[in-house]
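Chains here go by letter, A, B and C, matching the order in which they are written, and residues are numbered from 1 within each.
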Amino acid sequence: MADDDFATQVRLAEALIFASDTPIPPRALTQALPDGADLDAVMAALQNIYTDRGVILVQAAGGWQFQTAADLAPQLKRVIKIPRRLPRVAMETLAIIAYHQPVTRAEVEEIRGATLSQTTLDALLDTDMITPKGRRETPGRPTLWGTTPDFLTHFGLNDLRDLPRREDLLVEPPTIPAAPADET
Amino acid sequence: MADDDFATQVRLAEALIFASDTPIPPRALTQALPDGADLDAVMAALQNIYTDRGVILVQAAGGWQFQTAADLAPQLKRVIKIPRRLPRVAMETLAIIAYHQPVTRAEVEEIRGATLSQTTLDALLDTDMITPKGRRETPGRPTLWGTTPDFLTHFGLNDLRDLPRREDLLVEPPTIPAAPADET
Amino acid sequence: MAEAPASAHPAPQVPANDTPLAEGLLLRLDGFEGPLDLLLDLARGQKVDLARISILDLVDQYLAVIEGAKRVRLELAADWLVMAAWLAWLKSRLLLPKGLEAADEAEIAAEILAARLRDLQTMRAAALWLTARPQRGIDVFPRGAPETFAETETFGISADLGSLMRAYMAALRRGTRHRTYRPARTTLWTVKDALARLAVLVGTLPDWSDFIHFLPDWVVNPLERRAAVASTLIAGLEMAKSGTVRLRQDDAFGPILLRRLAFGPDGLDNDPQDTGTQDTGAQDTGAQDTGAQDTGPNQDDTHGR
């Protein structure tokens, strides 16, 4: 009986997460499971089932979601139409916003030593990965920018703390690896 | 080796069906799998994996797709509440009203460069995020529109002054019909 | 795998000798996003460890590139030349014997520059780290046909500030497309504007004040700010010529100070309290409430930039 209950709980969690295309927060899972269910145990069991599969269970932006396994990317890209990657400038701007948030546009420009083009700003806003986060209380009250949960989801991060520490970023050898080849 | 290959084929089929937004016809699967793969065997293996799971593999509309197990649906239904998405036109209109209030319908139309339907206006009124704010004392005495406190609450703003500055959104702000208050 | 003989260091891509590097660079300045970008590139070619770059060598390399570029193309953007001027100043100071105040100042400025380069490099690395991760919708995919357990309980509206902003920009862009072209209203601060503002403000200041304080406070974007600095400086010079104000700069690239001439050209004692200016409705802001005097000259290093 008890085993049956547990199996049903795992199936419920599986169905709920599988149905969604965005991460499901633990709160929603707790609500869906019967009172007194052990969410950690359920998720551990579920994760165990999805080891080595074509679809895997990951944590992103503080929630759970299924996504295709990364090693299948090359084969999937042949079939699935994918959007273009963000250009380098946009990626740099995004990195600066992620590390310095909340940050004003002027500060981003100062760090990059170059002005931010409308194209880049539009491209970033279009991805839903950045959003206004209030104003700085200084003269002119400039808008502050920060990243969204979509930013975390997009890069498979559970939390902003999953970003590498700044001091760890520069220890790599100075020869910059080429950006992953983009097959399209 | 052969087992490995077969396992990979099953994983690939699983990932493809999962990621696709429509049922995948057998023809497409054959194309995606390596030459000589035994599609029937692959699909049988995959279907086997998804026996008794929270999600099942079904054939529908001439293709394969995953579906939540029917017995779980009732329990999931309780849980999910879907916030309504405002249509694009309504969002644009709301944004213009927020930035240009108090503003007439004709002015909104001029800024958007498109007519504003009564349906859209009604939909916005339904959200309680906009409200009439008197009339402009010009011929025809058009109604002026503005946002409500509900608008602020919804977007997590304390004050209209907390909206991002226009100059932070646009590198070169286009010339906008002047704010109604100063002219006419 | 052939054993690489001796050399433990990975061979740098860029030759250590700066001359060929400079020549290679000068024709493709457009490939850089600005002076800082070029400096970082030069610095990376110089040393493995960004913490130990030689600012002096860097300055020489940058100046060589700019010098070379000027020979080829005359239209070199102001940014590049401003940076060149600042670096030349920095170099002259760095060459002074240690211990002199000016030399110490330059050391600090050099450290700040090195730190900025490190920051930029760090953010580049962060961008690469992000780029290398499997990205959703590009490398890994979520459920393509999400199931909603339909019973759409209309529970509020789903909309956030980000989508509101996107909607606003989309609306503006569409609106602009439909409208006939009108040249953008120029928002640059003209010399005339600056003269008018200076004339009003100068009367309110009792003592030497950094002319930066006379800039209109609404300018935020860099272009507008540069225009405002230039026109305010010209206005200041104009007024100095006509004897309304005095200008002072204690050292090169130091703050430019400005005060009203206590005795006007007509020899009258123009006490700051009562004159204001001739042609404007001189608000009689007493000198005590302007608050500008306590922010007067300062050692803020941004003045040099």
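Note that a contact is a pair of C-beta atoms (placed from the backbone, for glycine too) under 8 Å apart; a residue touches a chain by one contact, two chains touch by 3 or more.
The model shown is predicted, which means the values in this text are computed figures rather than measured ones.
With centres computed from CA atoms alone, A is the chain lying nearest the middle of all the protein shown.
Farthest from chain B in terms of Cα centroid separation is C.
Chain C has its Cα centroid 33 Å from the Cα centroid of chain A.
Chain B and chain C have centres, each the mean of its CA atoms, that are 39 Å apart. Rounded to whole angstrom, the centroid-to-centroid distance between chain A and chain B, based on C-alpha atoms, equals 18 Å. Residue positions of chain B touching 2 or more other chains, listed in rising order: 15, 18-20, 66, 68, 76, 79, 164, 169-172. Multi-chain contact residues of chain C (touching two or more other chains) are listed as 141-144, 147-149, 160-161, 163, 165, 169, 220.
Across the complex, chain C meets chain B through its residues 141-145, 147-149, 151-161, 163-165, 167-179, 182, 184-185, 220-221. Within the complex, the chain B residues that touch chain A are 10-16, 18-20, 28, 31-32, 49, 52-55, 66, 68-69, 72, 75-76, 79, 161-165, 168-172.
Residues 18-22, 60, 65-70, 73, 76, 80, 82-83, 85, 88-89, 91-92, 94-96, 98-99, 106, 109, 111-115, 122, 125-126, 128, 130-132, 139-140, 142, 148, 153-156, 163-164, 166, 169-170, 172-177, 179-180 of chain A are the ones that touch chain C when the two sit in their complex. Residues 10, 12-13, 33-37, 44, 48, 50, 116, 118-144, 146-149, 160-163, 165-166, 169, 217-218, 220, 222 of chain C are the ones that touch chain A when the two sit in their complex.
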